[in-house]
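Next up, some structures in structure tokens.
In what follows, chain A forms one complex with chain B and a second complex with chain C.
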Partner chain A sequence: MPENNDQDIRIGVFICHCGSNIAGYLDMEALSDYAQTLPNVTFVQRNLYSCSEGGINEIKKGIKEQNLNRVVVASCTPRTHEPLFRSSCEEAGLNPYLFEMVNIRDQCSWVHMREQEDGTAKAKDLIRMGIAKAALLEPQESIMSEVCARALVIGGGIAGMTASTALARRGYEVVLVEKEENLGGMLNHLNKLGPTMTDAGDLMEEKIQEIVQHAKITVFTQSRVTAVQGFIGKFEADIETQSGVKKIDIGVILMATGGRAFVPEGLYGYDGQRVITQLEMEQLLKNGLNSDIKNVVMIQCVGSRNQERPYCSRICCQIAVKNAILIKDQIPDATISILYRDMQMYGVENEEMFRDSKAKGVRYIHYDPARSPQTESDQVRVYHSLLGREMALPADLVVLSTPIVAPEDADVTSQLLRVPVDENGFFLEGHVKLKPLDFATDGVFLCGSARFPANIREVIAQGLGAASRASIPMSKGSVVVEPIISVLADEDACRGCGLCVALCPYGALEIRHTEKGRKVHVIDVACKGCGVCAATCYQHALTINSYTDQQLEAQIDAFLIED
Partner chain B sequence: MCTGRIDPAMVARAFQKRLDGLMVVGCYFGDCHYISGNVQAKAKIDTTRKLFKHIGVNEERLAFRQCSSGEASVFVKLVTEFDEKIRSLGPLGGDGDRVKAPEIFGKLEAAEAVLAGEKIRWVMGKRTPFLETGNIYGEIFTEHEFNRAMDMIIVEEIEVQEILAKLKEGARSVKDLAGDLAIPSERVFRYITALKRKGMVALDNVADRSPIFQLVPQEV
Partner chain C sequence: MLDVGRHSNIALLAYSEVEKVDGQAGNFKVTVRRKRRYVDEDKCTGCGACAEKCPTMVPDAFNEGLGSRSAIYSYFAQGIPSTHTIDPDFCRQLKGKKCGICEKVCQADAINFDQEDKIMELSVGAIIIAVGYDVFDPSQIPEYRYREIQNVVTAIEFERLLSASGPTEGHLDRPSDRAVEAEIAGFEKNLKKSERTLEKLEKKYDEASAQFYDKYQQGQYQDDEDRKKWADRYAAYLTITKSLDDLKNKAESFTVAKRLAFIQCVGSRDFRFYPFCSGYCCMHSIKEAIIAHEHEPETTSTIFGMDIRAVSKGFEEYKIRGGNHSNITYVRGRVSEIMGGPGNNPVVIYEDTQKRQVESQEFDMVILATACAPTKGIVELAKIFGVELDEYNFIRTSPLSPVDTTIPGIFVCGCAESPMDVPESVAQASSAAERAAEIAFQPNL
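What follows is the complex of A and B.
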């Protein structure tokens, strides 16, 4: 096998022209001549496109004919092309981790388009560094781990219920944990759901029935998850239930803890009687309005889009418009004024609902946050920015549209699952576009208003989406983890001090009692290879595969070499 | 790999090998692909900068900056500014630094030993918990208190390393060490006592009623 370490190091260097992307700006001949002079380099070739079928075949041919045991490709970015080149090495019988990529395009030729000489010199530096590291690369094996086909869903609101049912229908066991007495979450407090005016109670009942009737779903109400250990495929959760603490093995976790409506204590004379929130309005509408109510004023953006909560909660406008229509339905001659800063009515149906409300006579008055409305005993005073004068609007009822805010225990949940929250306390997905329903931590997913304020329709879509994402590792039955992770390279050096364990962002390290005493143990599948532990271990016991101290040191030395 | 992988001892070593400037560019806090690696990186680089300042290396040679992958113009600005800064400082150990070459390289060697050491790594690593949740006694430190403690640790650790480096050249008395290194003799005495307890130095002989200390070779 070419990857035998006892053999001499034979490095093949493939320098890509990338059409004219690299060759148009750097002196390619100088680069290949230079690479030829570097230690351990036995073969250098230039390709028009290394990633083309022809280029890949040249790499494979080089490995076989030149008996190469390390491959360096100097081309574009590993973000897009490293997997391709690695698998090409593997197909030619070379361990894929004996491959090193050097970026001479994005980080060199594209940047130095007008400086051929300097750009070429920099490319030489980069290639020299890559070759120095390549010589020290070690073969690695991919890591496989089984995945338990049971999901833990935290939160029994619409998001959690939707996800639970979806997972159960696919045949996976689901443990659903809800802290309140009843399932349903926010739906318990809502009246009708816009823009279709579906009855919230009916929807909730339907969802709850699906849950309780499904044999694969176990529900724990008035319960909390108090501890989570492990990693994707093999989590263990402690659930504090009414009948004591239960320990449950699970493969994946779905976070659906939702949000809560902000209570505007001290704002606009809020008293819960005459000045109420939209959430309290829902209850009034459910009970049937008192027909004495003739004048209603709604104020938007109460407690949001300010310094403390700079975000737009984005669903309050829809709620206000919907409730205005419902008030009009119950009391057709009621005067309703909505004082707004900007109307957030995204989507065709919401826009229609907005127009519908205007047709029904709901009035919209813009206000400036610098001259915010004043609530008085029987009226609301507002400065009308278009008329340029103050207006007094009679008000039997003032309804404040307050934002959805993160749950009070978001920080506890964040620490429990080791997942991040943003500056507003909402949970932060792995990537805005590429991983909107996953956390950066493998095997943990999120949906619903815990992520950001969302309306029912969006929450249901997210619940289904997260369930789909969560079922991927369970349906595969195992996960493959890239072996570029932390390893205990020198067990004798480890004192079991635990500093690395304290600093690991993923909980991928633990102290175990061995025959040699306390030693750190790396949980392969949980480690992401960030390297914080290796940079911290004063005993140099831990290192990162493919980023060892020696390899990094070799790159630094190669960079600083006096030429 | 994350900026959190950067071992500060490696940084000090690179400067010994004639690096003139190093800028570490990480993600914004809260936006780290590896959750909190950038927080660790910042703590390590901050400490290394303090240490550099203390030993006479211009701390501007080392920078921690933040930028997202979508902010090309910010990145260009950061790199351009840093490049200009390092050019204005000139080569390491020249006009830009308080201590000159070749003495500066000995200082950096001591700094490397400090940064590789147990004490400073614990304190760097535990910075966030010390400031947010407190130590094992539940005492939460203010940023100011933490910085003061760190400043003290840096002075002590560097002085210990300088003593060890001096003793490598040959056995010496506390008085000689104090004179050579311009450290008050009571502090040298305190360090020697601690090093003796750890088995790192031992009494060699007594000359002129002064005890002479020597280095005890350490097993690797």
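What follows is the complex of A and C.
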């Protein structure tokens, strides 16, 4: 076993009973007797609950009275308890990174409940390994970096505008970049918004006024973000504006680039005249319908829920129902048939609108994608799967409900910000359930249809939510990062090949030109310590603090020792 | 949960209720009743020694009553805070009987039978209501015979049965079979008791009970009162053994539930109860069916629904994967009735709208995807906060201000606002935090 000769290593081992969670299934006395025999161990104690106030006090007392300079706690999972034990070490004057945790509950007593002997033997192995590693631990200092209180919002649709005004109300500076001539995004093309039938133009005007009047918000229209460097708190963005490239320092980035409506070229005789999309329907409704229109057929899932685009685009059913109601309002005796697979009118408001439409006489016809409807010159043929027969529906107008798809330049944006997209081209959040508005990369957030199709209520909620997420590092003014990160331990060994840079999921590595040539540089604040780079580096130039090759090898050696 | 428990900016007042709200946005005065736990929060370490020794067992609310817990308890093992609470409805000591075991075993000296409720006054700038929802009680639907047919359960009960830390450790033991097993356990307990009594009598008369009983039945000892008692006891013992054997024979054939039916829109999209769609139940059923199949690969599931609403990211794909790889069949139709069948198997009667036929099918277990009902007490809560409710008793908002209630400075998120799934709730929680921060932390710039 490698020895650390710099100082006298004095390891204290605290073995937790976790009530009966561990002690009920393992031989605790055997564990503590065994730990006593291991190298560098000067103190061993068992506690009923190491995490209780009493247990913590025992650890602190041990550090002081026994002059311990390493602490190993054999108990539960570091996921829940490592922060507590680390801070306890710190309170007793020991660097918190001279602490090692061994999980003898989840990995021993819980999974080997009925095998006390084997479970105890495994716990001994794990404790021996933890102690071997602890002997080689080095003190670490956490890293702090300031956060610039300015946000970059990419996309000036309702999501981006909502996030911008929210951040400005909180007192933060906002730079809003929109590629089109005008703010508003999709709202520019919409008529009325369900279920309240709010005028999209009015809402847009109101939001734009709020933005224009807010001193904290700088708007660049007809502009694009062309480069982003840096990391949370200290990003630098190049914005190509009408008056040249501007370099702006920012602390956080919000992605609100939206989506676009799929154009159904070649489907159902789409011609933009008699066979149109729901987006084109919005324009017709805005202009006022030709009163000759008596028969309208809408077809759902055109270009979605198929092989090519397997997802359900969430909002097309709502849009169809809303537009059907609006057609009925303009032409009460029009016959409107909606051909559907599942009516996705989830929630309270949508279902209510769905019922209203039925009360107004909108007809719903279920079709099977295996026998999809056929558009003909003046009618639509459909096999009504519930009646079990073919029907011919006269149609002056056929409206195709097409999905929202990812913007064409999603992959460019994805590369620019080093954030991932999913298989459908939508941006992939940090965690689909628990971090819907964050990216895995710190300091970058997302909202609106860039994430997934969403209705007006959902987009506004997400815009506010993403603003909240983005405001956290800005309100703190700094970020503190765990020092368990990648370090270039052997600069001479690094050949600057860049393999690690390509693989880093967090954009935390970059190649710099130094006096010694091309060398990798770790952006401390962006690194999450995942270890992909260190595992990849064939020169062993990179290593992870507290998970060095030496420490891991010591653990493996300790495992292989027969006792 | 742990994040909330550990965050230095969050004061967690669990087991507490708001009684009064005064003031306005930026300056609310909130009166909170901190209900007595009979356990000192500052002292309790959450070690659980009290719960282990407590002699009173009650149905476990966390496990939907499918398991049991002690009268002093924490809601579930990982609950935050870990502070234990005495349930005054069941605690022997508080019911005036002799006990106090928890007080004796508590090393932290945290038990306090004389604890009183505490009233607290809070000054806050903004308020967020996140009181969630209740599961619709399907016994209101007579034709589904929930509680009448044991193997008809709610989706949330099924969730507990599927859970590795739940009452069946994740095995799909049918409630009817579990009832028989509970009966067996009861008989075994009685049997032991009866054996002990017989042992004493056997010792007293130095004779085996069976031998004695033969003689007794042949007419011996007719006037001996004590021996008559012995005979009665032995007869009772035989009855217990017989019942136990019968039950054990029956239990031998028990297997886990493998044929599952999921019924969608139970209480939702139903004019008798809630006309709205609860949004998350379709995906919940698909998820439960997939997990059941992961646990036991022979499991087949049929999901009965009007529309299968798989509308969020990756949901439609998940639904199709469930069909292709997890033996899920989707039937488009509403179930009209659930009947009791042979072997405690529920029989589902439904119209398959695509076949245009009324059919019936037998299952091992039926799971009801129950509606998201506004939480009990929401009307009273709305009065305390002064916020308006919508026609179903969810807290009223508008699509353009999705987390603002009708009172400035009071916000709402999650299913208290309307039914929604986890990512929507998390996103909305951030929105509510944003709106609250705009008021609570007015920029001083």
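What we mean here is this: the second predicted complex is superposed on the first by the 527 of 563 C-alpha atoms of A that agree within 3 Å, B and C clash if a C-alpha of one lies under 4 Å from a C-alpha of the other, contacts with A are read in each partner's own complex, and residues count from 1 in each chain.
Rule of thumb we're sticking to: a residue touches a chain if its C-beta (ideal position, glycine included) is under 8 Å from a C-beta of that chain, and two chains touch if they have at least 3 such contacts.
Here the structure is a predicted model, which means the values were calculated and not measured.
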Next item on the list: For A:263, decide between first (touching chain B), second (touching chain C), both and neither.
Entry: neither
Margin query: Quick one: is A:30 in contact with chain B, with chain C, with both, or with neither? Answer first, second, both or neither.
Written below: neither
Next item on the list: Identify the partner contact of A:20: answer first if only chain B is touched, second if only chain C is, both if each is, neither if none is.
Entry: second
Checklist line | First (chain B), second (chain C), both or neither touched by A:493 | finding: neither
Notebook entry, point to check: Does chain B (first) or chain C (second) touch A:547, or do both, or does neither?
Noted result: first
Notebook entry, point to check: Can A:331 be said to touch chain B (first), chain C (second), both, or neither?
Noted result: neither
Margin query: Contacts for A:347 in the overlay, against chain B (first) and chain C (second): which applies, first, second, both or neither?
Written below: second
Next item on the list: Mind working out whether A:456 is in touch with chain B, chain C, both or neither, as first, second, both or neither?
Entry: second
Check: So, A:422: does it touch chain B (first), chain C (second), both, or neither?
Finding: both
Next item on the list: State whether chain B or chain C is in contact with more residues of chain A in the superposed arrangement.
Entry: C
Notebook entry, point to check: Both chain B and chain C contact which residues of chain A?
Noted result: 422
Check: Quick one: in the complex, what on chain A touches chain B?
Finding: 418, 420, 422-423, 428, 440-441, 497, 499, 502-503, 505-506, 528-532, 534-536, 538, 544, 547, 549, 552-553, 556-557, 560, 562
Checklist line | Of all residues in chain B, those that touch chain A in their complex | finding: 1-2, 4-8, 10, 13-14, 17-19, 30, 33-37, 40, 44, 116-118, 121-122, 124-126, 129
Check: Which of the residues in chain C come into contact with chain A in the complex?
Finding: 2, 6, 45-49, 52, 107-108, 269, 275-277, 279, 307-317, 320, 332, 353-354, 356, 390, 392, 394, 398-403, 418-420, 422-424, 426-431, 433-435, 437-438, 441, 443-445
Next item on the list: Provide the residue numbers of chain A that touch chain C in the complex, in ascending order.
Entry: 19-20, 48-49, 52-54, 80, 83-84, 166, 169-171, 193, 195-196, 198, 203, 305, 310-312, 314, 342-352, 355, 366, 368, 385-388, 422, 426, 432-437, 451-452, 455-458, 460-462, 464-469, 471, 475
